[in-house]
Amino acid sequence: MTQNASFALSRMLQTHPQISKSPFDLDALTECIDACFECAQICTSCADACLGETEHAGHLMHCIRLNSDCADICTTTGRVLVRQTQPEMAVIRAQLQACLAACKACGDECQGHAEKMDMKHCAICAESCRRCEQACQKMLDGLST
Amino acid sequence: MTQNASFALSRMLQTHPQISKSPFDLDALTECIDACFECAQICTSCADACLGETEHAGHLMHCIRLNSDCADICTTTGRVLVRQTQPEMAVIRAQLQACLAACKACGDECQGHAEKMDMKHCAICAESCRRCEQACQKMLDGLST
Amino acid sequence: MTQNASFALSRMLQTHPQISKSPFDLDALTECIDACFECAQICTSCADACLGETEHAGHLMHCIRLNSDCADICTTTGRVLVRQTQPEMAVIRAQLQACLAACKACGDECQGHAEKMDMKHCAICAESCRRCEQACQKMLDGLST
Amino acid sequence: MTQNASFALSRMLQTHPQISKSPFDLDALTECIDACFECAQICTSCADACLGETEHAGHLMHCIRLNSDCADICTTTGRVLVRQTQPEMAVIRAQLQACLAACKACGDECQGHAEKMDMKHCAICAESCRRCEQACQKMLDGLST
């Protein structure tokens, strides 16, 4: 693959007509948006991979549910953060907190299945959830100072 | 129209195999899911209607932005609430709070345009936002008691 | 419930500044948008209800998959149709065809489970899929004449 | 950034329990999913950047509309393609065709604004649309042979 989502996103934000008014650190913002879209993608995949674990699908019910919620919440959080025209901080802060909660719950569940059941897709998904959780936390830390 | 989204949803939730374990009041839940999907639909329409107000689109920039965020956040909140298999309360609570914030911000903005610029689509959108804001508040009140 | 998604949507489309240029019959458009949002909601619920059928979840794997695709496709089709500012017919036609295919596949699968396994949520979901399939077909018929 | 969406996605698909039954070439599939998620991200950003072009927003109305449709359609197409458990070819084919149409329309419009109005975000967006259009075409070519 010759192109890279992060690189296109980075150029996109740099050429945005309102970016000079952004209340966010541009590197932290780019990382957080990228982490949200990756986590949405990987959680959608993990929900489907767990469903495809025919012998274990019953044990993975809670994982599928958390993956589905996390995929939806990360998609929406990524879209809200991408928008840099006249941001509304109360909405952004609350959505970041929801994303943090979803990534923490899903990351914990997936890490458990990775360790106890050697589910490799859950191990990869736990990494994406942790990355997104940390990126959301960093954004929230930046807003409160 | 002979069918009704709320009626289909209501029957759907009543036949859900895990509904007896739901931590939610079924009427409040049905109303909140329905309000989220309606608000997502109406906010998507209001963003587009504001964009189509060729002479006023410049003044409606903040409205379009808030409508877009609110549409995405309501869609995700509705999907998270629809899921009744093994719900994760920390995630649901945080997403309800994000939805409340989005509906409040968008409802305030739309109400202002309805009153000052006589924007009829903004008046209808403000109603949907208020309905969803109240339904989310009622759900949150039910969780904390 | 005192409000109704279809009623709010109907008023919204009537007050849209570009609606007089719409290439669509307004009643067929309103019905199709409403059917898309309902089907998205009901398919999200059916995927979750099937997941919650602990003893039968293995047999419902294909149903969960089709429900998930149909929910996503109906959400997007509904959002595309809601937008009435400068519509692009090639995109709208192709997305309506994708929605038709998704509703047909999911409706067939759900109807089978309703008949053979007496799954009540699948029976309700099959109805929503049929309603949306017919509404998409009617829109496509209207475009080609 | 140390992680990469494509790399996580690639590992995810390789560890999927049903991947050996996939009717798709794994490299073409990974590229197409990645292109869909990137295009969804970049089109959401371009719609917002166009909205923020305060002096030109009127001329960019059609672009904002096409960007919004393309973002929604690419998000859904990416999610449908990510799912590898019991895929339904008629649905996947129709959704790929809708994505191709959306990326073509949006890429053409953005390229025009990049060339005539020197809109740099539209130039970047046109690239993402072309990449996704080509990836969808390659997938469709692979299905018909």
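Going in written order, the chains are labelled A, B, C and D, and every chain counts its residues from 1.
As a working rule, a contact is a pair of C-beta atoms (placed from the backbone, for glycine too) under 8 Å apart; a residue touches a chain by one contact, two chains touch by 3 or more.
This one's a predicted model, so the numbers in the text were calculated from it and none came from an experiment.
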Rotation angle superposing chain C onto its copy chain D by C-alpha atoms, nearest 5 degrees: 180
Interface residue overlap between copies chain B and chain C, same or different (over half shared): same
Computed distance of Cα centres, chain D from chain C, in Å: 22
Rounded Å distance between chain B and chain C, as computed from the means of their C-alpha atoms: 19
Distance from the mean Cα position of chain C to that of chain A, given in whole angstrom: 27
Shared interface positions of chain B, touching two or more other chains: 48, 51-52, 54, 61, 65, 68, 75, 79, 83, 85
Complex interface listing, chain D residues touching chain B: 48, 51-52, 54, 57-58, 61, 64-65, 68
Chain C to chain B touching residues, read off their complex: 1, 3-6, 8-9, 11-13, 15-18, 30-31, 33-34, 37-38, 40-42, 44-46, 48-49, 51-54, 71, 75, 78-79, 82-85, 120-121, 124-125, 127-128, 131
Touch list for chain A against partner chain B, complex: 61-62, 65-66, 68-70, 72-73, 75-76, 79-80, 83, 85-88, 90-91, 93-95, 97-98, 100-102, 104-105
